[in-house]
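Following are the structures in question.
Both of the next two complexes hold chain A, though its partner changes from chain B to chain C.
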Partner chain A sequence: MDGSQDALVASLRAENQELIRRLASQDSAQQYRSDSTVPQAGLAWEGCGLTGSQVARYSRQLVLPSFGPQAQARLCKGSVLVIGAGGLGSPAVLYLAAGGVGRVGIVDTDALELSNLHRQIAHQEVSVGKHKAASAAVSCRALNSSIQVIAHEQGLLPGNALDLVSAYDVVLDCSDNAPTRYLASDACCIAAKPLVSGAALGMDGQLTTLCVAPAGPCYRCLYPQAPALASCRRCAEAGVLGVAPGIIGTLQALEAIKLLTGVGQPLTSRLLLLDCLSTGFRTIKLRHRQPACIACGPHATITASNLASYDYRAFTGQPFNDAAPPSISLIPAAQRLSVQDLASRMQPASTRPSNQLQPNQQPAAFSRPHVAEPEASNDSMIPISRLPSADFCASGCVAAETVPIGHQQANSCNPLPEGDEGQGAKGFDSASQPSGGVQSSAGPLLLDVRPKEQFAAAHLPGFVNVPYQGPHKPLPAFLLELCHPSQSVNQAPGVSSVLPSLSASEPDARIQNLELGLSQTPKPSDQCEAAGEILVVCRRGNDSQEVVQQLRSLGITGAMDIIGGLTAWSQSVDPSFPIY
Partner chain B sequence: MRVRLLFFARARELAGVGETEVEVASHATAAVVLKQVLETWPALEEVSGRCVLAVNQEYLEDMARILKEGDEVAVLPPVSGG
Partner chain C sequence: MVAVTIELSGGLEALFGEQKTLKANVPSSGQLTASQLIKWTRDNLVVERADLFVQGNSVRPGILVLINDTDWELCGLLNAEIEDGDTVVFISTLHGG
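Now for the complex of A and B:
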């Protein structure tokens, strides 16, 4: 079965599942929505305004002494706007729908991605590629067809925010970006709606309830200055444990239920902090509403009449989404290579017909390390001599990942065995038994500057992982050693274990230069020239440009950026390399 | 005297530590302690003025507040992920 048939079958299977789900949803809706009768006083039975099916459905919480039927009735008449149907919004909307909130609005503009599903549990696989607001609404309706669920797919914008929040009783901020957080807060200040603000990233979560009259602060009371761009880490970059937003989003639903029913005490003027690593919660007592606040103070300058024209992008320096940062063009085109160029350099010279690969040809299968994670190192200054040791790679992949120069590149250039499984492993194995053909000259030094976790998940064979720490952190010492080898390099234990195996079959000029460092310090210019070609790759081709710029500023003129990084590699060369 | 420092979220990333203790002058104000914190961890400049500060789990309103031995100072930048 070829690829197109596979795709057709997958498509038909997904469509079939969707139709089955819709049918089941309609059946259940007919079954559970039919009872809309309210008991007539003096006839069959009397109650607090709930229908018979509502009493049955919500019985477990309306028999709860601290909640009861009156609170349930308020919930059923209440409405909640949930801004964001992601990691926070998913559990929130499900619990609100399940708990019987009469009207749930779901705001989101994004389309669902596969990488969302580990935490955004209101969606299903079949919805990948579809609008999240609509997808979450389908799940809510499937859970409870007796409530009203509205998908607002246009998102929360300055032009519609006031109308949207005004149409609901309580608002949940489950968004993923700073502009939306300020906009939601400003709109809630103007509309006098309580705002339950949740946030989660990595292993951390935060929760507070804002804009509660008369003294509850708003988001600007707490953070009058927008966070720096670098502080706004995205889940896609910083990572997030799925449960972290799950817990905070669930607590947001709890807050909404309390606000709607009057049960309990909302988290006003308090900030709850969640630390998933220790499963610890802390509560910080916050300040009250600030008289000088431009959104909720007595002399607020953000008002109903000008909210729509407030420039939240300018205020925060960020867009209304957490999309990947745009591609930058930092260095001249002459210092950049395409992924096809990279592919051709990774092929054996004898089988290098052109720069364009055939569709089924994989010049270098990505590697899937099956080994334990190396110990993290806090030392950003890692001498080259330590690279071949276990600092960056566990033992199972030392050869391919950590021999920094020349020879492992020869392995990447080896003709690959047929079939794509095991190519990476073959590449690793062959590092210790280099074959002929391409060893006569050292290949380029291949640097992968992504964080070590991303490198460990998938990387191209032959690449050395040198995580880029940002423009303000020094480059790892071993790169500087290419220009200025020092005595200390040669005294470190790693070199001795690597050099013999390399120099036994083929001395590499750059390693010889390191050896030279034992007895003399060569001129930096010689060293820079000897550094040869250095190809730098990252996830999308932005960080790699910064690294190339830094290397070239040190005189390493062979440093070249791979345009578009591994994302472009996956799109143009090897679709099996995962985009994440 | 010693005060306890708690760095959360981005502040923890920038400082490279979540909890620590620092020696500060007796009767130091919160402003003095925070200046010392920025000198020790210059990377925290990124969140300076853009986060909630708390002493003993209460919002720090007054930077002239005099801290005492064993006080717990928390640096809480906003988290925007969701």
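Now for the complex of A and C:
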């Protein structure tokens, strides 16, 4: 069966599953939506306004002394707007629907991605590619057909925010970006609606209820100035444990239920912090409404008449979503190669050696300076001049005790034989410990500058992982040695200052080794240029440009960027390479 | 010297070498204020990207400061007095959802 048939079968299966679910949903809706029992004359029962099926469905909350039928009746008449159907919004809408909130509005503009499913549990596999607001609404209706669920697929925008929040009793901010958070808060200030604000990232969560009359602060009271973009990390980059937003989103549903029913005390002027690592909850006392606040103060300047024209992008410097940053074009086209160019420079997998290293397996050669046999071009061991130091290798897939280059230079008891070092100096492709792959000795140096976790998850053979730390951190010294062994110490002016591993007392031995390597390396003229080529790849092709720019500024002129990074590789060369 | 426990949350720990809790003895001639503590923290505890911690003479927008679990807005902001044994928490706002 070829790929297209596989895809067709998968598509038909998904459609079938969806139809079965809809059918079941309609059946259950007919069964549970309305009360089929007609009271007989003279025997009609009395209650607090709940229908018979509501009493049956919500019975466990009705018998709860601190909640009871009156609270349930308020819940059933209430409405909640949930902004964002992601990691926070998913559990929130499910609990609100399940608990009997009469009308649930779901706002989102995104389409569901496979990488959302680990935390955005209101969605199903069959909904990947579909609209999140619609998908979450389907799940809510399947859970409770007796309530009204509305998908607002146009999203929350300055032009519609006031109308949207005004149509509901309580608003949940389950969004993933700063502009939406300010907009939701401003609209709730104007419409006088309580706003339950949740956020989660990594292993952390935060929760507070805003805009609660009379003294509760709004988002701007807490954060009058927008944070810098550099301070706002995204789930796609920083990661997020699925249950972190799950816990916070569930607590947002709790706060909404309390606000609708009047049960308990709202989390106003308080901030709850969740630390998943310690499973710690902590609640801190926050300021009250700020008299000078431009959104909720007595002299507020953000009003119903001008909210629609407020420029939230300009205020926060960020778009209304947490999409990946746009592709940049930092360096000249002549310094960039396509993924096809990269493929042509990489040896086919079939010709690579099969001696793959297992995670945590440490090749003996890594514990001491390795001496490669001159003919062993497919040796998995790493030549000393290209040996990465331990700190940049991903845990679980590298030699944890790799001797840093500086230490090796200091080890005068174990000098490298001249001939072998010569082999090492040109055989630099072999540095990828995870794959143990070795390519032809004259191929380019392959650098993968993604964070070590991403490299460990999936990488191309033959690549060395040197995580890029951002423009604020100098490139590691060993990287410069890898890229430019012949000139890094005594020729390139900007390099020696960032070679902390090089002890001042040992420069001679080091240079000697490097020069030995070069002097012993046969360099056919047709290979010289290729040998100096350094191909830099990252996730999308932005960081790699910065690295190439930095390398070139240090005189390493062979550095080349791979356009579009591994995302482009997956799209254009090998679809089996995962996009994440 | 004023003994202060400093805690980081919301990702701010990345600027402090991934440490979430630090014990510090802050030199002080007289009363230690939050303003002085922030400056001392920037100069002595922040490991990288100090500009993401401090802006001007205060913390960067988006960072909440708590003194003994209370918003420093309620304690006098930059002039809040930090006493021996106090815990000061710096929290970066999260936006993820």
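Just so we're on the same page, the second predicted complex is superposed on the first by the 426 of 580 C-alpha atoms of A that agree within 3 Å, B and C clash if a C-alpha of one lies under 4 Å from a C-alpha of the other, contacts with A are read in each partner's own complex, and residues count from 1 in each chain.
The rule we apply is simple: a contact is a pair of C-beta atoms (placed from the backbone, for glycine too) under 8 Å apart; a residue touches a chain by one contact, two chains touch by 3 or more.
Keep in mind that this is a model prediction, so the values were computed, not measured.
Annotation: superposed three-chain arrangement on chain A; chain B versus chain C shows a clash.
By the document's definition of touching, both partners, chain B and chain C, reach A:89. Contacts of A:553 after superposition on the shared chain: neither chain B nor chain C is touched.
In the superposition on chain A, contact is made by A:232 with both chain B and chain C.
Once the two complexes are overlaid on the shared chain, A:176 sits against chain B and chain C alike. In the superposition on chain A, contact is made by A:287 with both chain B and chain C.
On chain A, the surface touched by chain B in one complex and the surface touched by chain C in the other have residues 84, 86-89, 173-178, 181, 198-202, 204-206, 222-223, 225-228, 230-235, 238, 240, 245, 271, 273, 282-287, 322, 472 in common. Chain A contributes residues 84, 86-89, 173-178, 181, 198-202, 204-206, 222-228, 230-235, 238, 240, 245, 271, 273, 275, 282-287, 290, 322, 472-473 to its touches with chain C in the complex.
Chain contact summary for the complex, chain B toward chain A: residues 8-10, 13, 16, 43, 46-47, 49-52, 54, 57-59, 61, 74, 76-82. Interface of chain A with chain B (complex): residues 84, 86-89, 173-178, 181, 198-202, 204-206, 222-223, 225-228, 230-235, 238, 240, 245, 271, 273, 282-287, 322, 378, 472. Remark: chain C residues 9-11, 48-49, 52, 60-64, 66, 69-71, 73-74, 89, 91-97 touch chain A in the complex.
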